[in-house]
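Next up, some structures in structure tokens.
Each of the next two complexes has subunit A plus one more chain, namely subunit B in the first and subunit C in the second.
Our next item is the complex of A and B:
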């Protein structure tokens, strides 16, 4: 058996920028032989130790629990200490990998970014258990396994920011809380000991910063190195708003409820009516230019021509018997 | 090869605001000898919004849709990314939770139906690539697309979350790979080998391979796997317009002559909203955007009228 170590010659195009001294960011290229066992963190270390001592990045625990070393490679959010390098070569079918910070516009130095927006938003959603605790209880506070399962592993979050800086809404809407923040709000809302559920729901229901601005792209689910699946928690927060009677009457909630109205009537969605129902009779007018353009091209079905699902009576029976939520 | 035959879940959009999608799907299937049985009984999938309101109701309705494919003993194909994801997310939950499945079946029994889990659910794109085959498709090309730079726009719900995509769209993974993102899907070597041949959400290639089979030139641009923002169109129009605009301009800046997408919801944003998006972005935007079967149909020599190009809002006079 050969004991020779098998390696691949790889090129790392690395983002460099010092916000105190540099006018513009630039890329530096490092070439090295990389073994099958090496992680992205090994590469960051080697750049610093073998090439350039001034190269900066965050690292701490080295086993996927502190969340400090998250960066992006070829646009893929990775936790450096968990991500195998050969696997990236496989995914991107290339010998050149691009090492970048999570967010280029927040860079302090090289891979290090200013995460203050992440933490500020995080703090606004009461990311802690709020409960009246008897300091000298007769017996322990019991949480059953079934109740603990309700957290849906939202407590696995290590606040690495992978989902937050992968979220396209965060990129274009500075107010938006973000996926990690919502997952944390859900984590405590789902905790049977907690008493601040209403507070959190009243915060996340706001249009702009809140859950209704999610575009449902699943970037957060894909980015998470701990499989927290933040979008699942965002959906759960939507559900809680309706279940707790805290959903406000606005375009987003009417949009969700409007689907049910359409389905009862036609089985399939009445697109035009959904927009009218969501926006209201006056709000809908702002869609007029697009509606006219669509009408001219035969893209609008008139109410009297609206198609219906076959066996519509079945659908109506099921909507009646299976609806669990009221609005 | 045995005749290919599927149950087609059209979704709502193909019957209303994108009639050209249904026209072109049927025209291409006919030309390729693929039999599509329309599931006229199907309801709306809820598009993730009904799921925000009443999760259980959405499960029952989606299960009912699948029942109609099962009753005919056919695998289901979809032509909308969002229908695809919401249908397979229902399937995934029912197939792995006996208790939930019996709750749903209790309701379905009221209308004489039962969800069994016997039909697979895939986007038509992958049926063309994996079942029909790109080599065979390439032989059928009558009008090669070699004059065109074509930007593939994948649409979120076909490629993310990756474990759902791999299991259903590629029918590759038999075992359960967990609930979350895609990380544990990367753990074994054998798996990675399979993975590369197919779609990766960070480096998808199915549409690019399809474009090449039709002899077009696929455009390399960053936004190909990004979000168009459709699901926030009403409540956050600025967000949606910026996301759509970023992708359109990225394609244009990389010399795209046209864009192609397998998702009618992406298409609505990319095609119908170009004027509003241009205003938001402060730049002119004019890019023909085709549905996947329209692109295939043009290369197969099908009349553009039959493919419904006259139904587009953005100019499509490039052929």
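Our next item is the complex of A and C:
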């Protein structure tokens, strides 16, 4: 057995800030030899153990299930316990990596941010099953496997916040619920046992905080370490709004209706439409080229571009139900 | 000084803690939950494989019931469990799972018709009943006679914890996050709450309550490699121990899970083997049938782990940079099954090993996984010695698991014990005994002690480095208190840990002197506690000169039912003593419903107690007589070992199943 070990010398520019004592944040640089199987979390640990015991970050399960350890590296949202360092070196073609918290304006200390806005918005969407509970359930509720599958991946969300703090709308619009929150709303709305669907739809249809303000940039789908694909769930909420006749006459719904020709014709939205859709939302505009570039690289798949048999149906339902709405 | 009063204080926001909290709140008591992390980040989220409850819906679970679940659990425990507690548990588990369904857990369901499964490395066709369509299904797990482990793919803990936490949200349960319990407040043998430290601000707060529950999970992190989260450090057990009054039970009973990936020790669920995965050695040979012809890969965890190590010692391990390992082969299950039911495993393999488990074998090795030991309680969850202090979940030892826990019984236990303990606590709070009789001055003393400890750690210059002590402790536990143990290593371990304990009194915080969010400070005081816990484990293991369940002594390979059918009880009455005090609590065979025998797997190495035969004869006689009189299984069970009276009234009812309905009078003969 050979015991050779190859390492790379890497530089980590690390965001440091203590809201109690520091007036301004600063970057501190740590250099390390990093092995092939080291993860971002290993680097955070090493900063704490080898350089500075006060360096703060969150982690617990260290295998991608508790959602505590999400940060950004060179702007890319990652779960630090799952993200391999060499892979990042590969992606970014650099030996210098920038370690930053998910959102700099919410920093409490170093990598730790105050996620209370994330949790608070989550709580507003009734993130629980509303169903009559029998105190002594002697019989089970039946849910057919097909119905159970309706939840799709929405139940896998670990609330790491990666999508939320990557979402350009959250960045500019404080009231916007956010992708994880919508995915959660969808998760309960899709549950046959639940009885609060209408309530949730009435909340998510609001202009400003609601689903119509999503600019379909796909950042959330890209950021999610659990393949929850929030944007797809947002589309499904749009769908439910039309189906339940709860879509109100507003700019966005009209826009959605206007899209239908484009969708039928091309199967995808064209970029021009997308830009117009988000007009007025300047912070978002600057983000679009990236999203589109990513789409072109094939990194993100439009939900309506997925295997035809499944998604064409869905588009057609959307189109059909949106056509029923009179504006 | 800040004092916060409430009726019930729950330390720990995992499955167990949350279920206690919602339970007592529904009974009308004010409750506060303290937790290190937001509840959804608790380690319960990591449970993958499933939850045991004898629903008997799927074809391979057909005919399952409480009796079989009882028998499996007692055998799994190697007769260490409290059989009345096991009975309470198996009767409540089906209720718990049905309740969780109402809370929103999307259990995998039975699909009517034929499907194929892999059993004993062969494709088998199974037909599910029409009437079971849409009911909760189950998978196979180690040490069980029926397919009884209910699941949501391999994210069971995640789904359960989210449902439970959402429920707590809905009920507006008060959760105080980033609050760490530092010590238990008590006076005259009565517990009144805890002193807690705010991990962000460093503030020390006193929480005063009529009843305090510790539901802080296991202590796996005293080992260098463990499947447990970083926060599973045993601080809950430590603060109970430090009262000098509360006791810990069976701390040496530590479970090693057969299949954690090498080297990082992340778990691949028992569901892998339950669904048909097999173990292979360096030659690609499937070795388990040679050792365990009956249960093969699905013997209980302690047995499979030991067999794996035995096999590695025979030179059949796969050498690697990180030591020898074996292979877990799930390629035979097929990609579709893996992507649907073992997604987390697939994700872990891809991320941490860079392999595709549908194509390649997974390198695995037995790794520390579960703490059977914990705060010793009565069946009500209350400490046997400190009134008003309760414990449940993995943190406790009410003793469901004895010396080995069955897979799937733990998440089940968290919820069941949460349900039950919430009722007992509520009864206690409703009684006049729950009166809070402690003065502000006395509370202040407890707060001062903690503040002083922190100050000492920060002001101490040139003392010991906590990181160094912790690494040393982890290594000792790994090397000397592992799967196979022996007197010489254990003696060494105890002596070295004792030295570490003495040195830990002189820890300095070097790197940062801040009182607020200061990870170095946290490492310092937790290390002191962890070393004590490590000592209770190592010392208990040294003294127990037999092999039972997960505790395997190479120098005492027999299970000794004459001398060692007893629980280890550990306490630390004098803060100055450097070793814990160990006593024993006997387990009476003559009160058992299932007297000791062979488990049906593992080695037949037993020093039998003559009482076992006497009790078995007595049981056979009663059973035969009742059967002759046409009694049903409930009547027989009741005659053998009554337990229903111990359950809270609302959980006493029977569980209906597809094949077992109780349309009329529920009363027995």
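One rule holds in what follows: the second predicted complex is superposed on the first by the 254 of 327 C-alpha atoms of A that agree within 3 Å, B and C clash if a C-alpha of one lies under 4 Å from a C-alpha of the other, contacts with A are read in each partner's own complex, and residues count from 1 in each chain.
In this text, a contact is a pair of C-beta atoms (placed from the backbone, for glycine too) under 8 Å apart; a residue touches a chain by one contact, two chains touch by 3 or more.
All values reported here derive from a predicted model rather than from experimental measurement.
When both complexes are overlaid on chain A, the residue A:140 reaches subunit C alone and has no touch with subunit B. Note on subunit A: of its two partners subunit C and subunit B, the one contacting more of its residues is B. Residue contacts after overlaying the shared chain place A:48 against subunit C, while subunit B stays out of touching range.
In the superposed pair of complexes, A:76 makes contact with subunit B only, with no contact to subunit C. In the superposition on chain A, A:127 contacts subunit C only, with no contact to subunit B.
According to the touch criterion, the shared surface of subunit A, contacted by subunit B in one complex and subunit C in the other, consists of residues 82, 84. Note for the complex: subunit C touches subunit A at residues 37-38, 40-43, 45-46, 55, 57, 95, 98-99, 101-104, 106-111, 133-136, 152, 155, 158-159, 162-163, 166-167, 169-170, 200, 229-231, 264, 266-267, 319-321, 343-344, 347-348, 351-352, 467, 509-512, 514, 516-520, 523, 650-651, 653-656.
Across the complex, subunit A is touched by residues 12-13, 15-19, 40-44, 46-57, 60-61, 64, 107-108, 110-111, 113, 156-157, 160-162, 178-184, 186, 192, 195-196, 200-203, 222, 226-227, 229-232, 234-236, 238-240, 242-243, 272-273, 275-276, 310-313 of subunit B.
Every residue of subunit A that touches subunit C in the complex is listed here, in rising order: 1, 3, 18, 20-21, 48-49, 52-56, 58-68, 82, 84, 108-109, 112, 119, 123, 126-129, 131-145, 147-148, 151, 155-156, 158-159, 188, 191, 193-194. Across the complex, subunit A meets subunit B through its residues 74-76, 82, 84, 87, 90-93, 153, 168-169, 172-173, 207-208, 212-219, 221-229, 232, 235, 238-239, 242, 250-253, 255-260, 262-263, 267-269, 271, 275, 278-279, 289-290, 293-294, 297-301, 307, 309-311, 314-315, 317-319, 321-325, 327.
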